[in-house]
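Input: a single structure, listed below in structure tokens.
Chain naming follows the written order as A, B and C, and within any one chain the residues start at number 1.
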Amino acid sequence: MSLDAKIPKGPLAEKWSTHKFNLKLVNPANKRKYDVIVVGTGLAGASAAASLAELGYNVKAFCFQDSPRRAHSIAAQGGINAAKNYQNDGDSVYRLFYDTIKGGDYRAREGNVYRLAEVSVNIIDQCVGQGVPFAREYGGLLDNRSFGGSQVSRTFYARGQTGQQLLLGAYSALNRQINAGKVKMYTRTEMLDVVVVDGKAQGIITRNLENGKVETHSGHAVLLCTGGYGNVFYLSTNAMGCNVTAAWRAHKRGAFFANPCYTQIHPTCIPVTGDHQSKLTLMSESLRNDGRVWAPKTVELAQKLRKGELKVTDLKEEDRDYFLERKYPSFGNLVPRDVASRNGKEMVDEGRGVGATGVAVFLDFAEAIARLGEDAVRAKYGNLFDMYYQITDENPYKQPMRIYPAVHYTMGGLWVDYNLSTNIPGLYCLGEANFSDHGANRLGASALMQGLADGYFVIPYTLGDYLATIGPKPIDTKNPAFEQTKKDVEARIEKLLALRGNKTVDEYHRELGHIMWEYCGMARNEDGLKKAKGLIQTLRADFWKNAIVLGDNEELNQSLEKAGRVADFLELGELMVDDALMRKESCGGHFRVESQTPEGEALRDDEHFAFVAAWEYKGDNQPEVLNKEVLEFENVHLTQRSYK
Amino acid sequence: MSGTNNMNLTLKVWRQKNAQTAGKFVTYKAEGISPDMSFLEMLDVVNESLVHKGEDPIYFDHDCREGICGMCSLYINGHPHGPKRAITTCQLHMRTFHDGQTITIEPWRAAPFPVIKDLAVDRSAFDRIQQAGGYVSVNTGGVPDANEIAIPKVIADEAFNSATCIGCGACVAACKNASAMLFVSAKVSQLGMLPQGQPERYRRVQSMVAQMDEEGFGNCTNTGACEAECPKEISLTNISRMNNDYFSAKLFRQEELHEQSHGEG
Amino acid sequence: MSEFKQTFNSSLGKKLIMALTGLFLCTFLIVHLGGNLLLFKNDDGFAFNVYANFLTHFPPIEVIAYLLYLSILVHALYALILTIKNRKARPVGYAVQAKSDASWSSKNMGLLGSILFLFIVIHMSDFWYRYKYSGSMNYKEYRTDLSSGVTQSVEFAPTSTNFENSVQTENNFEIVRVKDLHERVQQSFSQWWYVLFYVIAMGAVSFHLLHGFQSAFRTMGWVHRKYTPIVEFIGTWFFAVIMPLGFAAMPVVYFFTRS
């Protein structure tokens, strides 16, 4: 099946405005006759729900947390990009577009990315209007910083809590609409399926987590704003509750899942301390501006360090391998996230890892402290150093930090066209949950931008076009599809609750995570991926036989909640492996061992893989079918990234 | 992972099936606990062993586990979010405790925060207070350029300090009166200090306070326990700012400032 | 509901009433202390008795006095209402409560206030009520030689039971006849348990005001980077230290210097 991304014709800079004009409008008096379902209340969901309600639609919003304000967008630290050019340093919409598409290793659509850059400026206006307290200069105007190796200062920030402040802004807009009666908010409610009637999405099935009630909600359109699936790796920087269930259920109802193997690994996270570890904590990559990454030169030295026979501060300078500076003399410690991450893992795989577990490398500030003084280092990184000390009980002013890469973001997700519509009419997907505008790799400070762009400035236009087309007649909830989908959900809950085996759901999840990280993480090869596929299939079969799921449906039941989510991860994991197997090139954050330059760097294959891989579900345990959306580049010239 | 420093602890945990049934303390042994674990990871370990024994795991709210989402709670040995300052429970590490220690874990206690199960309470009262007026009424798109309004840095920074509230409810849990004023005043202050919040400043404070009262929270006696236990160190000064705005609105403002229909009828 | 009624029914409004009545009582304490310092004047109670007489017979002062009594009652009543509401906000208490950073006084305002209320009741029934209504007061006559300024005092028994006071000048002598409250004070302050109770009560005043004075400012929203430290200084040193010490000094000094 060929996929039509519906990118408007015409010059790049005019595509969005032309398109907006061509979109049908809904008569203001008719808007209240439409119901719109929004699942998820992160940046994308909250901004979409609020904006649509402001327009006059009746919105029903859902989140599994106890409050819409808890969505994991809240944890984003760094900032949000916008092509405001307030600093007069040569930024422009085109430059932001160019940087983003190049950063994504040319695996995103030109049209989408340009639109993202275009509306980025409106986002900042909107947030400031809501009272988001961005950092300011003494003159009272907004401050910017350069972020993630960008040549221009275009990142707006609110200390290290930009995500929190942006989300609270969107949450406040949502609250205003809840108060106005235009949004009905359902908290502690998890979406478990999409109702598709005659090929169109017309509702969802939810489970109330407090009392187990399975309910049907109808709507003229369903928007999935349910975030990424990084927790398939068990350990990630995601929140504990982050899951793929909504998107995966939609996928099983026919929505294509695009580029599932594209995950972003962040290099500067605090390493794992043991099997008890439940999540990983990210530290801003700004640390690499002054910190030097190194590992012991030999395996023997590393072993001594691990056993405590040698203290890190006693290790001689010539016994230290500053591997990033050695391999990438021009970029050094500031190589992009993917390169830094991959090289760190290589050190550990060679046996040169440090810390009690041996799964970490050093990030050393000794040189910076000697050069700038401890006070200057504290002023710049004090809060990060405190956080590190809090978690590890090690003083980074006195000894090097230990860092290790961690899964941070997933670029893959449900396939959507230019209108953010999946291939199921009426089913939309926004934010991290869609396969997004980031291509194969996401630049720093662009995730917040995309979530808010989708919710505030894209969906309010594109959804109207669809709604105007289908007309305001009420949804017929008598349609057997509603009852049938509800029954399917209930049957699955029953099946899960009947599991009384001998292994906890967390144990399965942890095992899946190990497989994914080992074989489908930063570096992959065909043999490993094939092995992983077999392992996942076996694990999944075992799960449905031997998992323990306790309790009843009619109560808060974390056992059941987790089981449903992990069951979906066990299916998604296999698709990620399939996607990684198919993509025989190295691109973005992914190093395919078979595809490298003579110097051992990632080698992209534009001739064969400049496409979006959109996978089509064909039934349980059936191979999924690959649909390709070829990426056309009319404005940018594809170049190989090099950081030597 | 060397197990040499591992600890054995006794946990006294509040177990309550739901809001309708009475709860009680149940004692559990937590064995082989690594000092590197976070408090919630320690509970994960206990829960894993409970599940293996076929017993209902302890329910507690949590999500981001990095101290920002505000979902985790727990009143640990007499302190909301445990004995350390300026952190949430998920940031509390077991090295804070010692081998053989008994740890008592209770849910937040306040009438407007009914227990849902075990250690999880319903904090939707906070959402309702925010819905009553914790926003600037601007529609998407209808805003001026971001740099059109210059805001003195000190004001922006002070508003930011108020805005860092994560809505966890530790202030209510810590207050001897179960007062929510620190939480409410943080939002009132943030928007009341910024120019964007001025047009609705006096209306906002009235509707949010009215909703707060309706939820049944206690009163502020300026003891400062909330400020001391707040994981984000929100200042008590916010409460005074709120009071000032409230009395201005109620007693001195000339214009009619209707409360919004949502809260009080 | 009128806007005022609504305001004072709100949680913040009730707190405002506490703050306003509290501060009013603080200002009274200043006056009260100033007047009572006359007890230290070694004139056989002349100045003190005249002052007591003035307070009870000058109409504007009487009006303020009744306002004061009302304030005490309102302050106590609202404290009770607020406490009940606060208790209701936490129906199930904690099993473990650690020491918190909040000051002891701020957490025990109710206890301190109750002690003070008890004190005020005893104090007023002993002096104010007896002075005004009991009819069991003795009288004193102060004869001041207007040329030398020397005052002599003698007991005096009025012929009428309704006698309040009189001032007259005879032969270059000013004769003032008033109820002898000073004697009552001397009597009361000669019992050790009475003195002890007063000292404890003044301790309660100290802790009550240590928190209460600055708390009232906070409640009214008068927090200012520059002025709040001054308020806290006054609250601590004047209201929580100097004043209770001044009040407590009276029974203590009278007890130890009694003849």
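Quick notes on this structure:
Note that a contact is a pair of C-beta atoms (placed from the backbone, for glycine too) under 8 Å apart; a residue touches a chain by one contact, two chains touch by 3 or more.
Please read all numbers here as calculations on a predicted model, not as lab measurements.
At the centre of the protein atoms shown, by the Cα-centroid criterion, sits B.
Relative to the C-alpha centre of chain A, the farthest chain centre belongs to C.
The distance from the centre of chain A to the centre of chain B, each centre being the mean of the chain's C-alpha atoms, comes to 27 Å.
Chain A and chain C, compared by their mean Cα positions, are separated by 67 Å. One simple way to say how far apart two chains are is to compare their mean CA positions; for chain B and chain C this gives 41 Å. Multi-chain contact residues of chain C, defined as those touching 2 or more other chains: none present.
Note for the complex: chain B touches chain C at residues 12, 25, 75, 77-79, 83, 104, 106, 109-112, 174, 176-179, 209-210, 212-213, 216-225, 228-229, 236-237, 239-247, 250-251. On the chain C side of its complex with chain B, the touching residues are 3-4, 6-7, 10-16, 82, 85-86, 88-103, 106-107, 109, 211, 214-215, 218-223. Chain contact summary for the complex, chain B toward chain A: residues 1-2, 17-18, 34-38, 40-42, 44-45, 48, 51-52, 54-57, 59, 61-66, 68-71, 87, 91, 93, 95, 116-117, 120, 122-124, 126-127, 130-147, 149-153, 156-157, 159-160, 163-164, 166-167, 190-191, 194, 196-197, 260, 262. Taken in their complex, chain A has these residues touching chain B: 47, 50-51, 54, 65-72, 74-75, 84, 86, 122, 124-131, 133-142, 158-159, 161, 163-165, 168, 171-173, 175-176, 178-179, 185, 187, 210, 237, 239-241, 273-279, 281-282, 356-357, 390-393, 456-457, 460, 502, 504, 506-507, 548, 550-551, 555-556, 558-559.
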